[in-house]
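Chain IDs A, B, C and D follow the sequence of writing; residue 1 opens each chain.
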Amino acid sequence: MIRFDNVSKTYPKQNRPALDNVSLEIEKGEFVFLVGSSGSGKSTFLRLILREERPSTGEVHVLGKDLAKLSNWKVPHMRRQLGTVFQDFRLLPNKTVGQNVAFALEVIGKPRGTIKKVVPEVLELVGLAGKQDRMPGELSGGEQQRVAIARAFVNRPMLLIADEPTGNLDPQNSVGIMKLLDRINRTGTTVLMATHDQAIVDQMRKRVIELDQGHLVRDQSRGVYGYQH
Amino acid sequence: MRAQFVMAEIWIGLRRNLTMTIAVIVSVALSLSLVGAAMLLNSQVNQMKGYWGDKVEVSIYFCNKNNQKNTKDTPNCASGEATQAQIDAVHGQLDKNPLVQKVYTETPDQAVVNFKKQFPDSPLAPYVTADSFNNSLRVKLTNPSLYQEVASQVEGQPGVAKVDDQSAVLKPLFNLMNTAQWVALAIMVIMFGVTLLLIVNTVRVSAFSRKRETGIMRLVGASNFYVQMPFIAEAAFAAVVGAVLASGMIAVGKYVLIDMVLRKQITLISFIGWGPVIQVMPLLVVIGVGMSSLAAVLTLQKYLKV
Amino acid sequence: MRAQFVMAEIWIGLRRNLTMTIAVIVSVALSLSLVGAAMLLNSQVNQMKGYWGDKVEVSIYFCNKNNQKNTKDTPNCASGEATQAQIDAVHGQLDKNPLVQKVYTETPDQAVVNFKKQFPDSPLAPYVTADSFNNSLRVKLTNPSLYQEVASQVEGQPGVAKVDDQSAVLKPLFNLMNTAQWVALAIMVIMFGVTLLLIVNTVRVSAFSRKRETGIMRLVGASNFYVQMPFIAEAAFAAVVGAVLASGMIAVGKYVLIDMVLRKQITLISFIGWGPVIQVMPLLVVIGVGMSSLAAVLTLQKYLKV
Amino acid sequence: MIRFDNVSKTYPKQNRPALDNVSLEIEKGEFVFLVGSSGSGKSTFLRLILREERPSTGEVHVLGKDLAKLSNWKVPHMRRQLGTVFQDFRLLPNKTVGQNVAFALEVIGKPRGTIKKVVPEVLELVGLAGKQDRMPGELSGGEQQRVAIARAFVNRPMLLIADEPTGNLDPQNSVGIMKLLDRINRTGTTVLMATHDQAIVDQMRKRVIELDQGHLVRDQSRGVYGYQH
């Protein structure tokens, strides 16, 4: 599914690499937490998978393809097989919940019939049945993140990438989001989630990958947030 | 489906920033109308050049009674009015010259008629009589710039008062028209530049203000086409509307300026008709759309990366 | 300290977006140069109006020998050349008329001299003799528009061949010049509009691209002055540089177009000198800075709220 | 210090009020947590204090002044007496740490001598002595938040407002930031902090104000994050 081979990434004008010689592999169907203190390179790791950045050295393989060999105009097609969720939801404030999810299908040119069918399905899956016509501003943060997950999942991607999806949520809503991601993972979708949330990681007991200043310092199945807490 | 969605997005984009859209349309309209005006000025000048270019000829004036009194200006006329034999001799020489295309004669009576036709408003008109004019020959050359060779052959021959090159008289006029063409060209280039800058700026503002949408589009794997199309289409739409407005302004301008004002007052000049105006209009649309799409594409290269 | 920090911020702003800054400077320069050109065209037209306006007068031509031969045009002249007594009688009547400001006499000899001075390039010049002209009176009216009253008093009197109103001859010329002034005004207004839109757009881009800075400024309690100053100063700076460039372009344009080309070719017209050009330059700076500061302030009202 | 009298706030085009008839008072020198699930109105509460928004009804008094009676041009002066810290740090990426802090003083027209003196002082206070010339990008998230706190505190405000200051930080860095805020509170500065972080609230045992859908539902001294966890 995802393979990093000796990947390093140094941003322009930075002297310290954000990722330093990271190698790992994530299999189909796994649920993986990416932890590490702020600036340890978690977002960089995810951006490399999304090909928003390119590695300075090393190879990144996603869904069996070497991203270095992927030409620019093929990147959008690759991204359609990934779902992405962020801390700040990234919804369009002037579109309804349903339109926000449909937008993701419209801009990749899906036929209208398909859209009409799958949008309510996925909204029901994330627990927003009946809220199709609400505006994002009228929803709680937890509900907004559900919309974002629905949008990421509507295309039934093989891989769901989440960068601190509970970062803006209170503990109660966070638990709800984690249950949803777990449910999505059970459908066979690989989930890779960067987080700071100690309680969640400790409770879920999934594979934990820890970065520290760009170094891969831990890769533990059924792990907890950190040794020292 | 795709098309309908794209249209809807463009419409939302245009409406969201209505003031902006109006601003772009207005500025494109203004710029293109100056571009169009410059083009029409060019047509006008070319038409005038053609009109007068046809008339360029060499005039050979023979002595008349008045010239005899006034030998300071016309020393060749001391022996009095030119005889018909002298006139015929010059005429014969010119007919043999290979540089000469055609020779017309003009008697003083014809000259009076021509003068009154050409300058009906001249304060001199009432006093112009056949006495004021001379017998003359009008010579059309195969190549007007070789005037000097013909002139030197004829000048100083008995009975010839003066050889006049009309092209010398028209030269300042042509220079003036050339200058007008350069000025028109300069205005056109300036307006092209201003329009381009305006559109680039506008697309930048548009791209800035829709960063969220484009970010999400790229996130979910929309192709570059889908991401950039709305901006390019917005710019092109504004350009089309602007060009149509500009066409209207040009048509009104031509009607008011040329048909209502100038044509009544300047009868000597032949003004352009509706033909060149109608030719300029589609050109403005093409220029507007081409320029704005190009500006949009180039701007987006920088502001919307994959 | 304050000033130095503000200058540094402006400098950073200008440099950060060098292409943008250059674009604004160029477009302001182009727009202002068209504004300046329109102003100078206006000066030129006013100068010409003044020049010819002074010359407007009524001409009264008395019969000469030629008119006698040609009674179709001048039926009043059947009895031959006007006598001095007839001329004096008309002169005396005019002197008594309160509408008349001044009366000059022009003999045929003076007329020849005047004609040659006024139309040195005319093809008629060599044939013009005193015989071609008449004795005439030039009448300056207190109010040129009351020409008809004077004309009807004099017309048909013995010896009077023709009464001519020069203002009628000059009327199309004045109309033409008025048209030119309107066109210049229209171009000026258009360019004002385009420049304003450009500056508004630019300030918007600038405000967008520095949202973070301004957000922090407002957060820590910077006054509106501190928040908005850099944008206004940037716009004003671009306007000053643009106006200076425009002044240069206008000076070059006036030198090339008027001094090098037109003045040599059109000797009849008195062209503007450097005076109006030098007057226009500071005006361009004031207009540019004023307009861009105003546009910046208004734009910021919308985009940078407290 | 802060007094809310029957304050309600409904955003334009929203039908539900973001704050609904909230009355409370915060005294000088207090340390107050503002908790509540996402969308409960915490940020709205803080924005009213900063006069980034105006209440729909009711009165907000800050530092003894009725904000409704404060004319627009006096708002900047009022804000100089407050310090503000946000989840996303809000640093200028192209200025050094020292310049970032100095910027806050320069834009309010402080003399250069004062700036030269107080910037190193405050950086030492927040634990960044010697990192004056680093760029924000070279720092960890915890360090960046310290810079933001330094900038908020450099003017020695009476009141420090923090909107989820630890939202982007891992637990370790969060603890550090909380210790710093506690230290600042001990200097006499009132601290008002909105947060989701259960662990922190439970550990600090300070006054807790809880909002729920815009209603004030709890105001407890020495409280914990929530009853039901």
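To be clear about the criterion, contacts are C-beta pairs under 8 Å (C-beta built on N, C-alpha and C of every residue); 3 or more make two chains touch, one makes a residue touch a chain.
The shown structure was predicted, so the numbers you read here are calculated from the model rather than taken from an experiment.
The chain with its Cα centroid farthest from the Cα centroid of chain A is C. For this pair, chain A with chain C, the centres built from the Cα atoms lie 69 Å apart.
With centres taken as mean Cα positions, chain C sits 22 Å from chain B. In terms of their C-alpha centroids, the spacing between chain A and chain D amounts to 30 Å. Chain-to-chain contact here is organised cyclically: the chains close a single ring, every chain touching exactly two others.
Screening every pair of chains for touch gives A-B, A-D, B-C, C-D. Interface residues of chain C facing chain B in the complex, by the touch rule stated above, are 20, 23-24, 26-27, 30-31, 33-34, 59, 61, 64, 66-67, 69-70, 73-74, 115, 121, 123-124, 126-129, 131-134, 161-162, 164, 166, 169, 171-172, 175-176, 179, 183, 187, 190-191, 193-194, 197-198, 200-202, 204-205, 208-209, 257, 261-262, 264-266. The residues of chain A lying in touch with chain B in their complex are 72-73, 75-82, 84, 90, 92, 103-104, 106-109, 111-112, 151-152, 155. Taken in their complex, chain B has these residues touching chain A: 1-2, 5, 212-213, 215-224, 226-227, 306. Only residues 11, 14-16, 35-39, 87, 137-142, 144, 164, 167-173, 196, 198-199, 225-226, 229 of chain D touch chain A when the two sit together in their complex.
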